[in-house]
Amino acid sequence: MQLEAYKIADHNQKALEAHQRKLSYWTDEIANAEPIIQKLIDFQIAIPSWALGTGGTRFGRFPGGGEPRSLEEKIEDVGLLHALNQSSGAISLHIPWDIPKDGEAIKSLAASFGLRFDAMNSNTFQDQPNQQHSYKFGSLQHVDRAVRQQAIDHNIDVIKHGVALGSTSLTVWLSDGSCFPGQLNFRKAFERTQESLQEIYAALPDDWKVFVEYKAFEPNFYSMTVGDWGASLLFANKLGPKAYTLVDLGHHLPNANIEQIVSLLLMEGKLGGFHFNDSKYGDDDLTVGSIRPYQLFLIFNELIEGMDAKGMNHATDLGWMIDASHNVKDPLEDLLQSVEAIQLAYAQALLVDRSALEEARDANDVVKAQEILQEAYRTDVRPLVAEARRRAGGALQPLALFRQLNIRQQLIGERGLKTIATGL
Amino acid sequence: MQLEAYKIADHNQKALEAHQRKLSYWTDEIANAEPIIQKLIDFQIAIPSWALGTGGTRFGRFPGGGEPRSLEEKIEDVGLLHALNQSSGAISLHIPWDIPKDGEAIKSLAASFGLRFDAMNSNTFQDQPNQQHSYKFGSLQHVDRAVRQQAIDHNIDVIKHGVALGSTSLTVWLSDGSCFPGQLNFRKAFERTQESLQEIYAALPDDWKVFVEYKAFEPNFYSMTVGDWGASLLFANKLGPKAYTLVDLGHHLPNANIEQIVSLLLMEGKLGGFHFNDSKYGDDDLTVGSIRPYQLFLIFNELIEGMDAKGMNHATDLGWMIDASHNVKDPLEDLLQSVEAIQLAYAQALLVDRSALEEARDANDVVKAQEILQEAYRTDVRPLVAEARRRAGGALQPLALFRQLNIRQQLIGERGLKTIATGL
Amino acid sequence: MQLEAYKIADHNQKALEAHQRKLSYWTDEIANAEPIIQKLIDFQIAIPSWALGTGGTRFGRFPGGGEPRSLEEKIEDVGLLHALNQSSGAISLHIPWDIPKDGEAIKSLAASFGLRFDAMNSNTFQDQPNQQHSYKFGSLQHVDRAVRQQAIDHNIDVIKHGVALGSTSLTVWLSDGSCFPGQLNFRKAFERTQESLQEIYAALPDDWKVFVEYKAFEPNFYSMTVGDWGASLLFANKLGPKAYTLVDLGHHLPNANIEQIVSLLLMEGKLGGFHFNDSKYGDDDLTVGSIRPYQLFLIFNELIEGMDAKGMNHATDLGWMIDASHNVKDPLEDLLQSVEAIQLAYAQALLVDRSALEEARDANDVVKAQEILQEAYRTDVRPLVAEARRRAGGALQPLALFRQLNIRQQLIGERGLKTIATGL
Amino acid sequence: MQLEAYKIADHNQKALEAHQRKLSYWTDEIANAEPIIQKLIDFQIAIPSWALGTGGTRFGRFPGGGEPRSLEEKIEDVGLLHALNQSSGAISLHIPWDIPKDGEAIKSLAASFGLRFDAMNSNTFQDQPNQQHSYKFGSLQHVDRAVRQQAIDHNIDVIKHGVALGSTSLTVWLSDGSCFPGQLNFRKAFERTQESLQEIYAALPDDWKVFVEYKAFEPNFYSMTVGDWGASLLFANKLGPKAYTLVDLGHHLPNANIEQIVSLLLMEGKLGGFHFNDSKYGDDDLTVGSIRPYQLFLIFNELIEGMDAKGMNHATDLGWMIDASHNVKDPLEDLLQSVEAIQLAYAQALLVDRSALEEARDANDVVKAQEILQEAYRTDVRPLVAEARRRAGGALQPLALFRQLNIRQQLIGERGLKTIATGL
């Protein structure tokens, strides 16, 4: 299904008066409301193709209904999101879950929804039916050259699919590691992984980037070969200028200061991409902003500071992606909540009075520095975000409209109740 | 397949001389070797029926071969383990993964391997095909009375299966909880769960116990309704004298002092059962003793102290069970390693000079207290454990014999390479 | 020094127009602004006498200037805070750091600032000069009866001081525990502690409560005898109806769900008091709301829900206290920030549409439940909090006024630059 | 006091028969006992001068008696340790706690006890009396050039003291960081720290190394500027070939895989030094091996693997130091326990059959790899360690002899009961 523009217009019309009242209050209160709205319009977050169905844990999975049965239907879902919020204008594919049979056709379909293809994701953490070698003991790190070659070839294959779709980046997340002390020679595993990555790197087109994602634990339970930002940065530096680190919010040890990591990676010119989600215990892949919204704001605060210091373009110089899983919520509703939480944090971080902040820091005025951040964070920027959506053609209240239009019910009608989307 | 006694005898004969040399050294060095060996012989650890196949994570599963295809073959597997180590004389079933069609026949089959049935486990954390109500939003805590009733009925059904098999305890592990702030009214969820448990409790035969297992997180990622020992103890106390807490080593927040929890629960007379495994990050379900063997020893130190203080029988007054998952190891080999690690920790804890320890504590001699524990822990008790196995009819080196006899290859021959056991 | 009312009036006059503009916007947007303002006026947070000087870590301490040199000056400091925000109308004393030589005089002095005395705190975690027995190995848990008696007597002495000041509660925080495996018999330590607490309990006046505070770790590094809410609740239940658990936000293991603990303790009728602070790693004692403001909101959400369910009075039926330490900030500025953060979280939690929330929960509408909480949390309630202050006679912007009036410089002038307040 | 050799000889004579019995059993059981004993003799662990007195927490400090009152007495204490175990042949000084007034005399005194000077430690985490600038807001990171210069000068001063004593390395541990979000510009703090370190680096003599120690949290509670191995390695790489990372076991986030970090740092040729201690929750600075002895073994397993791969000399190519604090134990007894725990772990790691381990890894035989490590770890290597001590002239049972000779009582007699050693 496709969302007709008039439905959004109708919805906005009804909500307009209340919206204008709030907006006019806030544009009076906030000095730089207009440029913030413009930046919000420009800011697009890629939706992962694997997050359009119901996720699960190793204990179970409780599917909803109307899940997309094909890549085409996944694109349709992202199209729906984008129609609603005008901020989800990209899709991040996962191979082999979403192999495009006809690249051109898929690209056109996506374009018809205003979507482009963000980072391509390879998968060497699962065995596929009829796969020659198993990844049970790793892929790019594997002791057996043949297994490594299979994994390398797969990544190169993913790049090819990406080229066909107009993507310009590859995310390599490796589950490689070990479950028990003794299982792995850490050093050799690192070196084999590096060699494998070099072969993939060599296959990158000139305008491509590769993101080396790290993760502290799970699915391996003793060691992960790309376990933290230190290891990822080592790989990225050894690989070359097209290699970057990718930060996924859920991939850290308890209590990690992620915003500091973001700052250091930007300082080194090696932050390439970002996976948004939220978590309380581990890699919980919950809705962005649902658990630690202030941390999200602090991260955006560093992203803006660091990108501005390097003259980077917020909208285009980093890969912005959601990586979440939806166990108990409707995937589309969850993604609408996630995108909004990202926009709110971005808008609040844009509100920070940076020159006053640097002044407070130079005076070691800790109280003032905190006040400056909290002043921005405590501001209710929802009207600005809504206005950005409205101007771009989206809905003032995307989630409310999604429900009013019974979109899930329509999807169930089209696709059935017991469909299952490929993915985790 | 069944392991013929002569194979074990042959194996032991070959290893006997070296074993005797070690044993005689240690029986000279250790004052109370003989009673320790006897206690080791008496100590049996239940094998969970769901741990006989290859496990996995939400990311993937890499099966081995020769996995048991039926409850009968699972019993056969535990029989093999027990033949090898004479310490796995019990099996813990999971319903509905292992519904016995003919209770008497299953009981006889198990008895033919020298096995009895330990705690029965219910499953309300997954939906089964054709199940009327879904557990997506909980089972015993569910807002809908009908769902709760379905879960209650299931538990009562599990008790009935257990009665038929001669089991005398029920383990209730609930995944009930919530994934997001706001989702659940914690208090009402607790009260509904309590009411549901009371109905199950009412169905317990006179000589049965119910174990209320707790877990800090996962599969729910924000709250678990039975989240820690405090909550479990509240339930157990409200339910009555047949209700107990069950401790699973992997179900705690980072850095928890599990041995202290064990001590307090024993003090309150409310520790009922134990699930052994090991972990580094979360509920990793790794081989017992593979990550934190000293913690395992400290836990046994408290178990012995607390049970002795109440005049409890080590072998029979607590439910001893393994709860592990085998992602990268042969399940039977893994379980042999786990049972041995438990026996070593138990033997070391039996070595602790308790009167000297209490004396050091009364003198606040912290250095001495540590020395007493380390003296026991640093002792190489492997010959005592081997001797206990030998005397009971088991193998001096179970894992070595398992490999020499090519047992896995034989099982693959009998059952096939692509079998999949029910379970996680 | 005492803050003259006209200075506050002047300050408010200048800020009034902007304030009225914001307030009138929000009272239009929010349905129940007026009762929220009233509740904010009634809500008072006790200031701990030990938090008026600069704190430190084991590595060092960097004092500021003008710290209070006596109990009288500490009361003066709290009086200043209360004059500024009209929400700090109580003080929580620590014995022996703040022994009142003349109870009546101290009580009068406090009353002259509009202050009452909240919970009294005993100290058996440090040795005082000329103390007969050392608490090196514990106090109420100590193996030596004479040490326990000394600690019991001290607590009874603290009660007497409290009676003289009009306090009606005693907070017992024990650092008792152990640093090494083996050091302590957990069970006996628990039982000795319980016996000691019973003697203290017996000395409580009829209208007094005793709060048993728990802490997961530090200053002991292996075990804490009152280590979590489960242990604290055991003590409180064994002691009787005047005994309660006290929750300090920083006293938990990583990732603990504190709001669920709050809910369960309220369910059991055993939550007595609350220590506010914030932290990222351990018991960091940072400014309230500076690290995890959403968690603070979720806790207030449970406090309101649970207190309302029992018909409790928000303002008077729990002991509300700050317990913080100020290593790099001016203590008074830090406390102003903390009190404001508490008020904001309380106001946001009062905004939650509770009937809609229960409805969403009954429908398992997780998305909606989250939206309801976020709707409240994202609201900018600062004008309501400012209005509550203004109506009560406080300053619209307490921190700004504190700085404009150069209060710290005045205190340094009166007290000197190198004063050191008693406390940590 | 100095320990006369005949007392050790007497002690050894009495214990010799039992020792020989154990030793001969184990030298029969173990293939390579002799080279392991030799390596143990060569292996020396530096004792930190600040660990010879009783430590404490921010909550209190409970001194023992007979603590060293001067640098000379500290050297005497380390001399006692070394006489007892012949494995503590080095001392690590902390400036300004241990400023040697006469370098030559101190060097001679140390030599008379067979001691050399290991890494020198600077201190810019505390303010000293009469210090011009405060480190309240950092030292090498400070926004004020004058403060940085003071800290740089101090470090250069420490190098000079070290040169006089024959030391060849400087450990820089910075408490620099921030307590609150907003306080610090992470990037600028990093860059200022780097510039400061470069000036210190420039002052290093040719044969010196500088160790950049990292720590995850505390004393700062929000960010640490050298917070993990990734940040430390960045500094070390930017500084040059004389700069290395130093790993302190207690300086990590919960659940960190320290052994993997060790392996990667060795791979990069950038591991320079090691601080041993143990902990359960944070930087608890407990006795080595008292909480996680298997982790200690796994770390030594990586140290040996990585050093051997680079052809490094175990005894001399890394700085081996203890960094512990003794709150409830006699410092000298605690250090004897720590050194023994290190030796046991080292000996067990030397026992690992490395070629079999690599073979198992190449075959992905996880079970076998675990067995190989556990085989080594479960071996009772205490007789080998005792034999190494005996051959080197130390005591078979250092702790027992320390107590039999009433050394602490003698020290109290000489120095008094209420002495306090400089340090934390």
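In this document, chain identifiers A, B, C and D correspond to the written order of the chains, with residue numbering beginning at 1 in each.
In this text, contacts are C-beta pairs under 8 Å (C-beta built on N, C-alpha and C of every residue); 3 or more make two chains touch, one makes a residue touch a chain.
According to UniProt, the chain labels map to these proteins: A, B, C, D = Sugar isomerase.
In this text, all values refer to a predicted model and were calculated from it rather than measured experimentally.
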Chain pair showing more contacts of the two, A-D and B-D: A-D
Whole-Å separation of chain centres (CA-atom averages), subunit A against subunit D: 43
Between subunit B and subunit D, tell me the centre distance in angstrom, where each centre is the average of that chain's C-alpha atoms. 39
Can you pull out the residues of subunit D that are in contact with at least two other chains? 136-137, 179-181, 183, 216-217, 222, 254-255, 257, 280-281, 287, 290-291, 294, 328-329, 364, 366, 370
Name the shape of the chain contact graph, picking from line, ring, star, complete and other. complete
Given the complex with subunit D, which residues does subunit C contribute to the contact? 55-60, 62, 125-127, 134-137, 175, 179-181, 183, 216-219, 221-222, 254, 279-282, 284, 286-287, 290-291, 327-329, 424
Contacts from subunit C onto subunit B in the complex sit at residues 136-137, 143, 178-187, 190-191, 216-217, 222-223, 227-231, 233-234, 253-257, 259-260, 263-264, 266-268, 294, 298, 302, 305-306, 309, 357-358, 360-362, 364, 366, 369-370, 372-373
The residues of subunit D that touch subunit B in their complex are 22, 25, 29, 254-255, 257, 280-281, 287, 289-294, 328-330, 333-334, 337, 344, 364, 366-367, 370-371, 374, 377-380, 382, 399
